[in-house]
Amino acid sequence: MTDRLNAAFAVLSDLEEGAPERVKANLDAFHPDAAEVVLGFAFTDVLSRDGLDLRTREMLTVGMLAAIGTAPGQLEFHMRAALNTGVSREELSEIVLQVAVYAGVPACMNAISAARKAFEA
Amino acid sequence: MTDRLNAAFAVLSDLEEGAPERVKANLDAFHPDAAEVVLGFAFTDVLSRDGLDLRTREMLTVGMLAAIGTAPGQLEFHMRAALNTGVSREELSEIVLQVAVYAGVPACMNAISAARKAFEA
Amino acid sequence: MTDRLNAAFAVLSDLEEGAPERVKANLDAFHPDAAEVVLGFAFTDVLSRDGLDLRTREMLTVGMLAAIGTAPGQLEFHMRAALNTGVSREELSEIVLQVAVYAGVPACMNAISAARKAFEA
Amino acid sequence: MTDRLNAAFAVLSDLEEGAPERVKANLDAFHPDAAEVVLGFAFTDVLSRDGLDLRTREMLTVGMLAAIGTAPGQLEFHMRAALNTGVSREELSEIVLQVAVYAGVPACMNAISAARKAFEA
Amino acid sequence: MTDRLNAAFAVLSDLEEGAPERVKANLDAFHPDAAEVVLGFAFTDVLSRDGLDLRTREMLTVGMLAAIGTAPGQLEFHMRAALNTGVSREELSEIVLQVAVYAGVPACMNAISAARKAFEA
Amino acid sequence: MTDRLNAAFAVLSDLEEGAPERVKANLDAFHPDAAEVVLGFAFTDVLSRDGLDLRTREMLTVGMLAAIGTAPGQLEFHMRAALNTGVSREELSEIVLQVAVYAGVPACMNAISAARKAFEA
């Protein structure tokens, strides 16, 4: 594994214990370069940057994924990751309610479903 | 004006000086109930809630608007509002780069245009 | 319960018998304020307004949800609600075909799946 | 011109006087088949169908375009077309406010801008 | 069946053996005109046109569906159809990785799930 | 400049003469790392990969951007880039018509506007 990929997995491990192995297996089964290209960019090039801590970045990721609305499994994962990086349940709930303002009530309702699962995980 | 609407304008004034008058004139020219319905919900019912400070909420709003990508003028406004509520230029820049991960490079490029205008405002 | 929330549940009950209890349980399990914030806005502040009857509003909701495409469960609910508020199967079918024009064939195909389930409910 | 295209232009003329000539010139400048393929489908195959009158269809089109949010010029056109086919200003305003519920406040604000232009046209 | 519908089914059969029967049954169960309106437009009016071969069109369809992100079942179908019309697994994998650039990593991850299923079909 | 960034600019130069200077100036004015993070990923990590030639990749980019619909300036740029990498006007027109099927007529109409500008450039 390249240093860039190792750094990506270190971030992913901070998001959820066991996530690197699971995500790597999924990406490797698709294409041998996928982990490097996708995770190297997302987690090493961007999320590891200074200027915003991982906890704030996960709040933003939850807000963006809930607003976009096309990746419910990934939204649920990042809600768990937000909790794992120090976001409180109260803060996560406020993000979910704010989604109603900027992306509409259906997006908020979908985020509520994801939050309920993340809270029970 | 109702208390609910007054509370909404107080938030809006924290986002940008002079915004309440400008937004009210726009909404009133459309429909006499629009300010109450739209701003009462957005700013009084949701953004004024405890649990997240306005600075964090503006970071989230910028992330969501950049990810959705259909309201460039409002994205630029909330970038200025983010700066006005204590978000640093460095933090705003990091949000913009993170948009590339979750919403793609075109959304990031649009956010860069908005950020450049907000930085120059 | 506040008057605003009671009014919201009255609308929701017109959309589908038994819906208020089910929706309230879901929202309460997420956050004690969610029903008031989300349903108070959606059903009391907006859908209860004069100027459009509930039947026409449900036609619009079906069209918007089908066009957005990210809330299949809510689309199916509002298709049943449309039928419950007096929209005919023929009218609902015409809305679904019109979705193909403005949101594309995949959105129309998704709406066809939702309509078939609503017709069989 | 084919019968299918003639029928499409008849609908388009009901939406706005002078629209057929303007739209035809735009599409012909792009590709000789574009008017037939695009307008034949939209206006003859779908919008001319029985089961929903043109006035109701235009309300739906406005709702869908406002919810999708990527075609501001076409949204403004269909707001004028809605008024031309018998939708009242009050009804159009209610559609715009309902957009806030299902697609979020930014989509509603964009629709307000379009409505103000359509009201002044 | 009309000639237009027969031509549509001929294209659909090239995309996947057995697809015409399955798609026709689904559409007929919804509305007797749906197959003609939807498939006649999609497959006869557009996809059968000269100027792009079906293999290239399927590559484009996969890219567009992955970017839009709201029709996972149809994305998986068109990935199988792409393979059936001569797109190689390597080419399909490259399209999936390119989705990360233009629509973001979550859209790419969804496309990876669809591709893995299509590869195993 | 890093090798990764040099490689990105080489691709960008193939898309349109003079684009590297213009894009670099825009990104540098926003943040000193933006060109490396965004272009290094898009053009070096992904678009330079084997398995799809640049001409096919530009066809896909045009299809995806037209389907997403939130970056009209970038769509117009990639239409010019498609022509510059060997896509014919006829092929580009067919992509635009296919957008109507998968993303709807409004997205197609927006793509027609972009194509007309690219053809005249």
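First chain written, first letter: the chains are A, B, C, D, E and F, and each begins at residue 1.
Going forward, a contact is a pair of C-beta atoms (placed from the backbone, for glycine too) under 8 Å apart; a residue touches a chain by one contact, two chains touch by 3 or more.
In this text, all values refer to a predicted model and were calculated from it rather than measured experimentally.
Enquirer: Under the document's definition of touching, what chains do chain B and chain F have as common neighbours?
Expert: In this structure, the chains that contact chain F and also chain B are A, C, D, E.
Enquirer: On the document's contact criterion, could you list the chains that touch chain C and likewise touch chain D?
Expert: Under the touch definition, chain C and chain D have A, B, E, F as mutual neighbours.
Enquirer: Given the pairs A-C, C-D or C-F, which one repeats the contacts seen at B-F for over half of the pairs?
Expert: Equivalent contacts to B-F are found in A-C.
Enquirer: Which chain has its C-alpha centroid at the greatest distance from the C-alpha centroid of chain D?
Expert: Looking at centroid distances, A is the chain farthest away.
Enquirer: For the chain pairs A-F and C-E, which is connected through the larger number of C-beta pairs in contact?
Expert: C-E
Enquirer: From the C-alpha centre of chain D to that of chain F, how far is it in Å?
Expert: 29
Enquirer: Chain A to chain B: how many Å between their CA centres?
Expert: That pair's centroid distance is 23 Å.
Enquirer: Give me the residue numbers in chain A that touch at least two other chains, ranges are fine.
Expert: Residues 33, 37, 41-42, 46, 49, 65, 68, 70, 93, 97, 100-107 of chain A each touch two or more of the other chains.
Enquirer: Viewed as a graph of touching chains, is the assembly arranged as a line, ring, star, complete set, or other?
Expert: It is complete, because no pair of chains fails to touch.
Enquirer: For the complex, give me every residue of chain F touching chain A.
Expert: 33, 37, 40-41, 45-46, 49
Enquirer: Given the complex with chain D, which residues does chain A contribute to the contact?
Expert: Interface residues on the chain A side: 100-107.
Enquirer: Enumerate the contact residues on chain D facing chain B in the complex.
Expert: Touching chain B: residues 69-70, 93, 96-97, 100, 104-110, 112, 115-116 of chain D.
Enquirer: Using the touch definition up top, name the residues of chain B that touch chain A in the complex.
Expert: For this pair, the touching residues of chain B are 41-42, 46-47, 49, 51-52, 56-57, 59-61, 63-68, 90-91, 93-95, 97-103.
Enquirer: For a test of understanding, state which residues of chain C touch chain A in their complex under the given definition.
Expert: By the definition above, chain C touches chain A via 26-27, 29-31, 33-34, 37-38, 41-42, 65, 68, 70-71, 74.
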